[in-house]
Amino acid sequence: MKIGVFVCHCGSNIAGTVDVAGVAQAAKNFPEVAFATDLLYSCSEPGQEAIVQAVQEHDLDGVVVAACTPRMHEPTFRRAVERAGLNRYMFEMANIREHCSWVGKDKDANTRKASDLVLQAVEKLRFDRPLQAKSFDINKRVLVVGGGVAGIQAALDCADGGLEVVLLEKTSTIGGKMAKLDKTFPTVDCSSCILGPKMVDVSMHPNITLYAYAELESVEGYVGNFEVSVKKKATYVDWDKCTGCGLCMEKCPSKKAYDAFNEGIAPTRAINIPFPQAIPKRAVIDPTYCRQFIKGKCGVCAKVCPTEAIDYEMQDSFVQEKVGAVITATGYDLFDYRKYGEYGGGRYPDVITSMQYERLLNASGPTGGHIQRPSDGREPKKVVFIQCVGSRDKSVDRPYCSGFCCMYTAKQTILTKDHIPDSQSYVFYMDIRAPGKMYDEFTRRAMEEYGAQYIRGRVSQVYPYKDSLIVRGVDTLLGSQVEIEADLVVLAVGAEASRGASELAEKLRISYDAYGFYMESHPKLRPVETNTAGVYLAGACQGSKDIPASVGQGSAAAAKVLALFSKDQLESDPQVALVSQARCVGCGKCVQTCPFGAIQLAEDRAGNPKAEVIETVCQGCGLCTVTCPQSAIQLQHFTDNQILAEVNALCQQAMEESFES
Amino acid sequence: MSAGNGRELRIVGFLCNWCSYGGADTAGVSRLGQPTDLRIIRLPCTGRMDPLFMFKALLSGADGVLVSGCHPRDCHYSEGNFYARRRLELAKRLLPTLGFDSGRFEYTWVSASEGKRWQQVVTAFTEQIHTLGPGPKFSH
Amino acid sequence: MKYVAELKAKIREKLPELDVVIGWKQGFDPVHASPAFMTTPEEIEQLVVNPLCVQNLATYLPGLKGKKVGIVARECDTRSIGELLQESLIEREELTVFSVKCPGAVDLVKLRQQVGDLGRVRSISFDGPRVTVETPDESSSLDLGELLPGKCRVMAYDEPVLADFRFVDPDQDTVCREEADTDLVALEQMDLDERFAYWRGHLDRCIRCYACRNVCPMCVCQDQCIADTRDPHWLSAETDVRQKWMFQLIHAMHLAGRCTECGECERACPMDIPILTIRRKLNREIHELFGYTSGMDVDAVPPLLTFQPEEKSITEREW
Amino acid sequence: MDVLKLDSGYDAAFVEAVMNESGQDPFACYQCGNCTAGCPYTFVYDLPVHQIMRLLQAGHKGRILQSHSLWLCATCESCTTRCPNNIDVARIMDVLRHMAGREGMITEKQVKQFNDSFLDSVKKHGRVFEFGTLVKYIARSGRFWSDADLGPKVMRKGKIAPRPHDIKGKDEVARIFHSVLGDGKK
Amino acid sequence: MSPELSYAYYPGCSGLSTSKDYEISTRAVCRALGIKLQEIPDWSCCGSTPAHTVDHVFSAALSARNLSLAEQMGSDTVITPCPSCLTNLKVAAHRMEQEPAFQQEVNRHLQEPCVNTVQVKSVLQALIQDLGPEAIAKQVEKPLSGLKIAPYYGCIMNRPPEVMDFDDPENPVAMDEILRGLGAEVLPYPLKVECCGASYGVARKDVVMQLSGKLLDLADSLGADAIATACPLCQMNLDLRQDQINAALKRSFRLPVFYYTQLMGLAFGLEEKDLLLNKLNVPAGPALAKMQQAAEAAAEQDAQTKEQ
């Protein structure tokens, strides 16, 4: 075998703390290395060209590139060696940037380490064998989880692109958080005026199947061929019959139900259609408030329903769908404002969240768009906004900036002035984060045109005093404690991962961060992909986002799915398990442990049982290889011999040193 | 920044591609400094981690072995780390009987986002191995 | 044993339905018994059951898969059979178990320590706990309890795991017993360096004959043991102690959660290396971790082929 | 106000000492001002707490140790409880006060005198003898007793014990004073 | 009654003097509830605020001497009525637990080393967590019906939460629960944990006038008949200095400031010698009379409804 080794400078990223030329020099003495050199930027066009040329000039059989992490550029270099005429799997990478030059300061130690990592890669490469991908058919349907604006956009774009879409929504209507908003920044245009038509498009689109009030129960399979089970939660109303006329809601005698759509700011009925523009516009019974469920008698809705749609006996039901890709657009939830005891949220009725305020501002909200204090219905004149409630705060485990609160708070001060011209808004802020197009101009308008008082500092305590709320904070620019006797306090609550996000991630086998936000494949270059092939992200499930960014990601995820489905077949990753028929004794232990059912027992010609891998089902985890005592089943590209070669490469030297000392 | 007396010891890491290898990358991208003793072998999953690789490494002269994968329930392959946990825990418990300090081998879970945790793990484990000193050797 | 006649009669009765029945017969000298593969009534007559019948005959079962096999088995041997069944390495319907109450066993290493060269033994006879050994020079009366192999001292089996026919003499007591595992205790009293030196010393003597592996009833790999191949290349042919040590670890880990502690490995070892100790340690840990004892329940799943999302007995390290 | 020299004025040894003695990282502070916002004593401070934290980040020992605020903090723990960055601000204040005391920078003499009188009483009796503390404080501070109006109320109602309660282990308590603080006060 | 509760008891110096009423009523209430208090023999001062403003090892050593004495009694829990003592004892125990080196250093100065095995609680915590509000309510003979009370906890009873580890640091409710159980009307008093000025009454009287004045003002604005407190220092600032505050702020508050244990004793029907209500500077009479009237009015109404 003739191996070529290419050690990358990555500008000064590697060369700054690793003697790159020295590593290349050392590599010349490694087994079967026929050529070694250093390259300034191996991933650049000239860098790749140099590799291709060297392969052809020196008749190389395999290539090692020592550069960044394989999670970044392995595909790039595989394509390069393929261009040079080699099989793309005759290639290994040594990660001497993320695992070496960037984490160690001692250049000598880094250089030794880089050299070890190159030897390790060379030793592994010596056992590499050419692998060929297999093609398999795919199911060109896509599942979109979450019917907020990101999910709506993704569903519409996919459907317009000719794909069949299954859209799943947890609540009884699509629209998500955006449907609750009054106006949107920085244009102050009406939220439902821009979202409403899109919601209607979803309901009218021939390619979209919408399951509202439904959740993802389970996911099996892999890219191109997922099988999902959808749980349709019991609504106790037959939606095929329900016309959304609202008569039931009008007559329902249980009037104290929690109104999630209105953020609990006013009660609703136990049978409920969240808002007039709901899609689908169908009623749902909340059994925790419904008298029929609590007391076992009532039946008013069943009596008044003109289409006899009420069904108190309804059970959850399940439907199976086959899809080839999944877009998760499960959005976010709001920080629990009760966690700051000093602000009294939940104890003092006139301390509310920004989303509750949004419902007070909204003409279709419970107050008809008139701002009224929850405690006494009085119109507030002095409104205090407190920012960063559940953002940038380690003490509540929310150290991140939610990103949109500064903007919506500015919007709310503007709307407050619009609604109540003789009002005064005060905003306590730490920093104003307004880096979008027309964003900073917008916050300046709130201050300059609408007279909002911005106070740089936090609020330490809010408490009721007579008819008002005393807000005590600091103005750090003045270096002084400040107090405001306010009528209403609005807490700009931050975003957190949607409740249940981690459970969904486990079903989809995607990663999430410490706060439950989903991990993208690469923070810059693959922002809507996950590390699980065929699963994509859109919107705030990946991290807090405003509307333009969510819509943009919805479209981006759709584009990714359309690109994936542009071919009729996909190529499977050939790094799968392979059975040595000679060595397999047919004990079946691998069949027992394979998480994917990718191994079955078949008989050889002599009728002996032998394990057999279904290549397109195997995901390449290697669990079987460890399970097999005679090592008869080997994960290609991660064979026992390859890992043993790596272990030996790393330990041999230590062994020799220990004999020396 | 080698821990301890300046002389490096040999630590072999086996990391799953999806979580911990990514976590180590995240640590690198964030320039979170670490001791230089560790060398990482990339596995698709800790389910691929045969405990015999650990024994092999220790018998071949490694002073410490570290395995790291996805947190339980977060395995990219659903179940790989569940099997790994049983196998590795058992192997760890056998070490003292053979005359190896069980602290020479650790397995843990670090997700791709946990660069800081990876730094802590590497630093603490390297310190631990330096405290134990070079592993038992076979030279007579 | 008194039940031998009854046993022979039953085997004779069943033999027409079976391809072979495995038992013991007198070996090449007075102190050795050897396995007997009985296919004819004449061969049945040679059957013996006494403390010299030390082999775990279950070892032969996987190799006879597909045949109708009868087996004479002591209680501890049925544990191996149980494990084999559990792993589907043999089929229950192909198997007839003639379960005998164990008469005790003689560890020939211990016998040699008592009477010297075993080649000089003219005859050996058993009467309950007494063992009488005749050599040209003397006749010595020994205590069977003193001659028991280590494996009979750490776990007591009163009943078989499974049986089709059961043979017990009236008033026959269980010979094996549950005492402290002295080998393990001794090992645990050493410090780490001493333990390392202990194994390095013992394993250095290994001659890589693989008798331990060949005799093991649970070694399913048959001719495909990874010790004998370059693909994968786990072991080199070097005589370095590390290779020998690695082989023992491969064997032990492959048996983890499966080893039935029959002790055949240690009995077969020509160098008297205490390799059963490693397996016993693993079994002890497995019991502590998973509450599991191999071979005792034909329907159980071996602990390393399954998992719990929350492992109650595993405390993971915090960093 | 003086120009602060951010480069040459940075007293690294001081910052490190504060970090060591308090076990806190002042650089975790992002100056939100919550400590000042909630501090009941801000109205009598010359430097609000968040500025003390900022001066600490800037390494300006002099301005910090000369502040009156250090001696007016009552360790009510508002700042610590509400700090979004989990800094134990009250402990930092305590440590700064220790340092100021050691360097003889006592800007609120009366507070210090009251504390000393209190501790003298503990040292002498093993428990604090409130009446004695008060008498001693008045003598020490040389101040007109501003609480003279309370005297009759307290006395008449028997609210203050007229005699000390000496404990058996008072020598042991006195030894703690000597052995931790040395013979002079820290 | 639940299995007998028994604690090592640390009264604190002020209990012998300025807060004798707190001390006596605490003991009486515990007696009535069957709680056994074993006073730590020869306990010494915890050092209070003055000690920790000087040095942390010093402060911890003064506290640890008492923890060590409690250990020698064989007790596993020590309780104290005074929040200042509580804080000092708890901070010492917490830091010794967190930092073994600190514990060693502290022990170097003690005659008997402190192993740090006893748990420290306030009497309030023991009452609410170990005994429970139901058991307390059961003991009530004369409900405090009609009495509007502002519950005031003081600043250090629950803060910082990492150390004190009891109740909500911003909105504690333990005392509310007890008072409600006594039949009183507990007002939603928002400044439950705001500092009253602490020990600055002597050296910086102006501070206490402002801070305690604010507390009284808020209680007054809510229509409180009285304030209940759990801290000797707070009680002294609010009660003894109420006339000074009135003079300084030109106000005329007449709010009695009870120890919550006095109110418990009152509701339990204990005698004056167990309550020492006469030690309050602002007399309790008017408030109690009002309660009496309310009770009579209620009884009358009750009788009328029965007649009807």
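Order of writing sets the labels: A, B, C, D and E. Residues in every chain begin at 1.
Operating definition for what follows: contacts are C-beta pairs under 8 Å (C-beta built on N, C-alpha and C of every residue); 3 or more make two chains touch, one makes a residue touch a chain.
All of these numbers come straight from a predicted model, not from anything done at the bench.
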Joint neighbours of chain B and chain A, given as chain labels: C
Shared chain contacts [chain D and chain E, defined touch]: A
A-C or A-E - the one linked by more C-beta pairs in contact: A-C
Longest centre-to-centre distance from chain D, chain (CA-based): C
Per Cα centroids, the chain farthest from chain E: C
Rounded Å distance between chain B and chain C, as computed from the means of their C-alpha atoms: 36
Chain centre separation in whole Å, for chain D relative to chain B (CA means): 48
Distance between the centres, which are taken as Cα means, of chain E and chain B, whole angstrom: 53
Chain centre separation (chain C, chain D; CA means) in Å: 76
Residues within chain E bordering two or more other chains: 169-170
Contacts with 2+ other chains: residues of chain D: 43, 78
Sequence positions of chain A contacting 2 or more other chains: 342, 593, 627, 640, 644
Chain pairs that touch, as defined at the top of this document: A-B, A-C, A-D, A-E, B-C, D-E
Chain E partner contacts - residues on chain A that touch it in the complex: 340-342, 344, 347, 463-466
For the chain A and chain D complex, residues of the former touching the latter: 342, 388, 392-396, 430, 456-461, 472-476, 479-481
Partner chain A, residues of chain C touching it in the complex: 87-89, 220-222, 224-226, 229, 231-234, 254, 301, 305
Footprint of chain A on chain B - complex, ascending: 1-2, 8-10, 12, 17-19, 21-22, 24-25, 27-29, 31-36, 39-45, 47-50, 53, 56-57, 60-63, 70, 73-80, 83, 87, 111-114, 119, 134, 137, 139
Touch list for chain A against partner chain C, complex: 580, 582-585, 587-589, 592-593, 627, 629-632, 634, 639-641, 644
